[in-house]
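See the structures that follow.
What follows is subunit A paired twice: with subunit B in the first complex and subunit C in the second.
Let's turn to the complex of A and B:
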């Protein structure tokens, strides 16, 4: 069975991570079909119900209800939409900006490299949470601006790591050969350098997706992300924290959802790093 | 040795000042494209349009942006960060009141993160190649996936709500009063000889500092492990083995000393992230530090505070990075020879 899979899929980490990510993605896409209730439907007679296996739980609300009697399971499933949307869009945006700058800096070197390096230094002196909060003040609340803020904060993660890799690859003989054959700069970078750094890029995207989920949760926790009628995990946490003695369950489930998602992305990223990196030896890779 | 390192440190310091200046410029631009009008907000609702106009002129808001920045910068250099719109108090005082609390929390958390990171790194290294490795490694990825704010909430659920072991709001028990002094509560309490205050403050800091420390330890663990693996390829390790030294002595006496350097330089970067991470932890534990001040200011669109607090965060991060880099230069014999 393992034989027919491509080599990069044969790692337990990659498979495990991918399974988690696929499950969450399916929840996000098919939320209306999977959720047993409307996530905003209130049942004020049945507030703070515990999950079904605890004393007083009802079969209609598998994971219980929140302070307004909304179904926690349905809100978790719908919350996956916000999380996945931010994860995908923000990480690709950050990759586009950070990656482009990294290729430019690493390939051309010299003054442009030191300029981009300075910009990264300036960005790195800002703790990411603080910078995204300040950007949210400037941009205004809302999901679109959360994505934009994450892109504007996290492009440095790509730029810093990728630049040093590009620096190594760009000095390789085959790159010089491509130039001698008459490849343009554009063609040399896209045909010779990008493919060589693709494994690293894919790994970084996977890790960044986990970071994006966390940042969105933080921002919706402090009330700067989606509006209150869109279910999001961070918002559920903020809500449940006010009623921590009435229903500790409500706090536990969104915490687990965020952990599960981030763990999936990290596992996938770590697995890809090991299997795609040609320089690691066979023993290191397993 | 000092003579060779000194110019390097000096250059590092100079570049930090330059970075801080650029950061202040960026901060100013980001916060001045806002749709809110700070002049209107700092006046009572009964103010007339003419009042607002006069206020705008007084605050320099009618000038072009570069001029506004220069005015602001000139004041900042003299120590005048303006007054909070919401609290109606000098911003410098507000920051000075809350900064020590945050630094105290961050330093404690960093100590916890370093201790856990070094022990964990040694464990990760120790199990390499054995059958336990996948399990321990899996555990470290799990740890890596839990950010500080999830730890904070989790600790509250377990140690606060379920077990009632530790307090999880504020900095002191409500019947105690904060002693006057530096603002570093643990230090001030000891200086005043008030052990009751010291223990109360310490109990209040256990959960937040552990939440932060645990969240930042896995990265240190993993870097220490991989630099130990690198160091073990070196000839002097083989030589030490040939000399008949015990594995324990090779690890603790020879390898760790060399592997700790890259870990140290990572810790500098990590401390920057950790210092930012205090924000959420403070909010969750209602800990009266810079983070809560910042979130209040953001909710009230209190620009003078946001500006000053943002700058304070950056300044602390830059100071830490400079100190760590300098330490690195002093400790690294390879840099001394140059």
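Let's turn to the complex of A and C:
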């Protein structure tokens, strides 16, 4: 059966981004199957091994080993679990809070809107880095708190961007018409407004995932995220930093992994924005 | 001497399946100091001629035949630099959308200054004096204040005047005005047309006046060229083309436009619409044949030649002698049914908006003040007024989208303005609204079937199949093929979308329809189709309607009674015929005088308004923010 692909699936950006995100997700889900070694298994005779293609590399350790002789490739694959978990949970959490408030503010307008707008403004007046550090100190370390901190810091981003879009859609006559034929507020929002703003929402989530990956890496770098026996990319960087002269590879691979993930999310987000945003595609067509 | 001559001009567009003529066999000559009207509906190619003059054709479009001579030079074949020298200096343009002609981020003064600098007035001082003089010429007082303003701080009419001033700054030999008044209110439209005439006379400029309004063209132009699907249908002196149209299309255009005086007659509604670019190739012979009431088999043999029908008047038709016999069907008595019992009673309706945030929260603006009237069963009441007169706010209050600040209204004997759930339900069952802009009123993500039966979806308890059947029945009733039910709004034309818009409102079988400017922006032939449809639906279903419009002729055709609103108040109300015959309020008289008369030889004397009616509209916009 031949079906024409929707335009967003024909965009090179979306395809590229999607491929990367799928690869990382597969790594995260099937880490125990994919990883050649246990990520915490130490081999103290084989520390600081370079990757297999460099001089002295061993086929058993494709990307080499770290200071304790742990397999870098396996640690990277397992690290994807933490990264993806934070990316998914944090961005969905931020979307739930920010999105809900944005729909309420944009749809009802007036007092409620200005109240929510004020709250967002006050919230955003704190620099995000400082705010997340304060939150981490207050909440204590741990992966759950990392996710919570990202949600608490970043919901405003959703709220602000989405609200202005909801405002535009809510002013359309078809929304008024839906009310006139007897749609309840709930039905009007879910049937008329949400579908129109869904492209933006998806785009924002995808961009937020990239941000969450970076934030988690930073926090696990400073040791505020997962405990030391759970492999995470930020932690790998922190470990490798001490031995940068002995084994620069150890530093390079987790950095590349983070870069790869963020690049994938951003590419996907950007591609979706370009293909799903009606206004943008309309102007390009002219 | 002829300023602009088109000789057998042809423009083609390259489409995927070959090239299609956009303009063909265009011939005219525009003598110096005269006005040529290019008339036609959207898609006729009239703007393409303006673009050809500016050599701003869209990609894929090119001049394929003939020549276009400006002051003895061929505009098509001249080098780009020569043309650039001419454009803006010897050939000036006035765009349709005044706001699009101005840069929103620069002050008016800056833009005029830049324009004058380009024209070679070196000294900043001199440029400023010149600018003030120019603004004075277009009757914009307070010129000095205006120079510091941004375009969005001015009304559309004022922006258009600024553009006219700029266009005439270089004393051009040729002016191309592309629908310069469509976006404006009638009184301002009259003012702008007068202004162009005044400046044109002063400088002896030749003008190409592009418009869809045959009546306006007959009034302001010396010659008229009627275009149909890119090919001239008729060309000749304005008066004779209007008085004795020789081409059936011209005649039909005329008959589809409601008259401003004389007995009310039915509108002639041309079927379908003008063929689009891709459809032109499929038509054999006369392009108008598929819609022509006088079509005979010979018409489809070849493109009809241009025949001289009278002194200087040519028509592309093989049977011009039959044109005069085209007549609109007579209005039957059932088209003016007896008004029944009172359905809607409005008493002292008032709406006040609070404007501004923070410190200025207390500023209030009364959009609607003390409006009262009664709408009877089977009655169509027209509300006329300019933008900002509060007519749309009345509509929004009556269908429950806005709560009145004061006053109340009763529907079918039940008070409903309190906003409670039960009165909302009562309101919904009796009143439905048809929105102005079908683009915004139809959710682009829903199929037509789902749009027109939204009321059933809201009520629940119906299956998808039932709804589809109902949708098809409704579509049939409003004159769309039932298979349109499966399409999306973007796949329909503007007129068809407006029909869907009406169908949705009719789904709950309301007894009151509120129609807010539903035919503005549509071509006259489509407008006539819709107006006739409304008449026909009333005959069949028997409902009342509140018809809000800025177009007096449409209100005259459709409505039994009318209200004239000015700055939120009803200044005059009564039977339509009485008000048209003997308007009592000065504002009503101004409005009526602003519409060009039916008879082109009658003197058109629109009264100048002291100031633009701008404040209410602006404040309303502010209030919405």
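Methods note: the second predicted complex is superposed on the first by the 276 of 286 C-alpha atoms of A that agree within 3 Å, B and C clash if a C-alpha of one lies under 4 Å from a C-alpha of the other, contacts with A are read in each partner's own complex, and residues count from 1 in each chain.
As a convention for this text, a residue touches a chain if its C-beta (ideal position, glycine included) is under 8 Å from a C-beta of that chain, and two chains touch if they have at least 3 such contacts.
If you're wondering where the values come from, they're calculated on a predicted model, not measured in any experiment.
Which of subunit B and subunit C touches more residues of subunit A: that partner is B.
With both structures placed on the common chain, the touch criterion links A:248 to subunit B but leaves subunit C unconnected. Of the two partner chains placed by the overlay, neither subunit B nor subunit C lies in contact with A:194. Contacts of A:262 after superposition: subunit B is touched, whereas subunit C is not reached.
Contact with subunit B, but none with subunit C, is seen for A:130 once the two complexes are overlaid on the shared chain. When the two structures are aligned on the shared chain, A:173 is found in touch with subunit C, with no touch to subunit B. When the shared chain is aligned, subunit C comes close enough to touch A:183, but subunit B does not. Chain contact summary for the complex, subunit C toward subunit A: residues 357, 399-401, 425, 428, 432-433, 435-437, 440-443, 445, 451, 454-455, 457-459, 504, 507-508. Of all residues in subunit A, only 12-13, 121-122, 124-130, 133-138, 140, 210, 214, 217-218, 221-224, 237, 241, 244-245, 248, 251-252, 255, 258-259, 262-263, 266-267, 270, 283 touch subunit B in the complex they form.
Taken in their complex, subunit A has these residues touching subunit C: 114, 172-174, 176-183, 187, 192, 195-196.
Considering their complex, residues 15-16, 19-20, 22-23, 26-27, 30-31, 33-35, 129, 134, 141-142, 144-147, 149-150, 153-154, 156-157, 161-162, 269, 272-273, 275-277, 279-280, 283-284, 294-295, 298-299, 301, 306, 310, 313-314, 317-318, 321 of subunit B touch subunit A.
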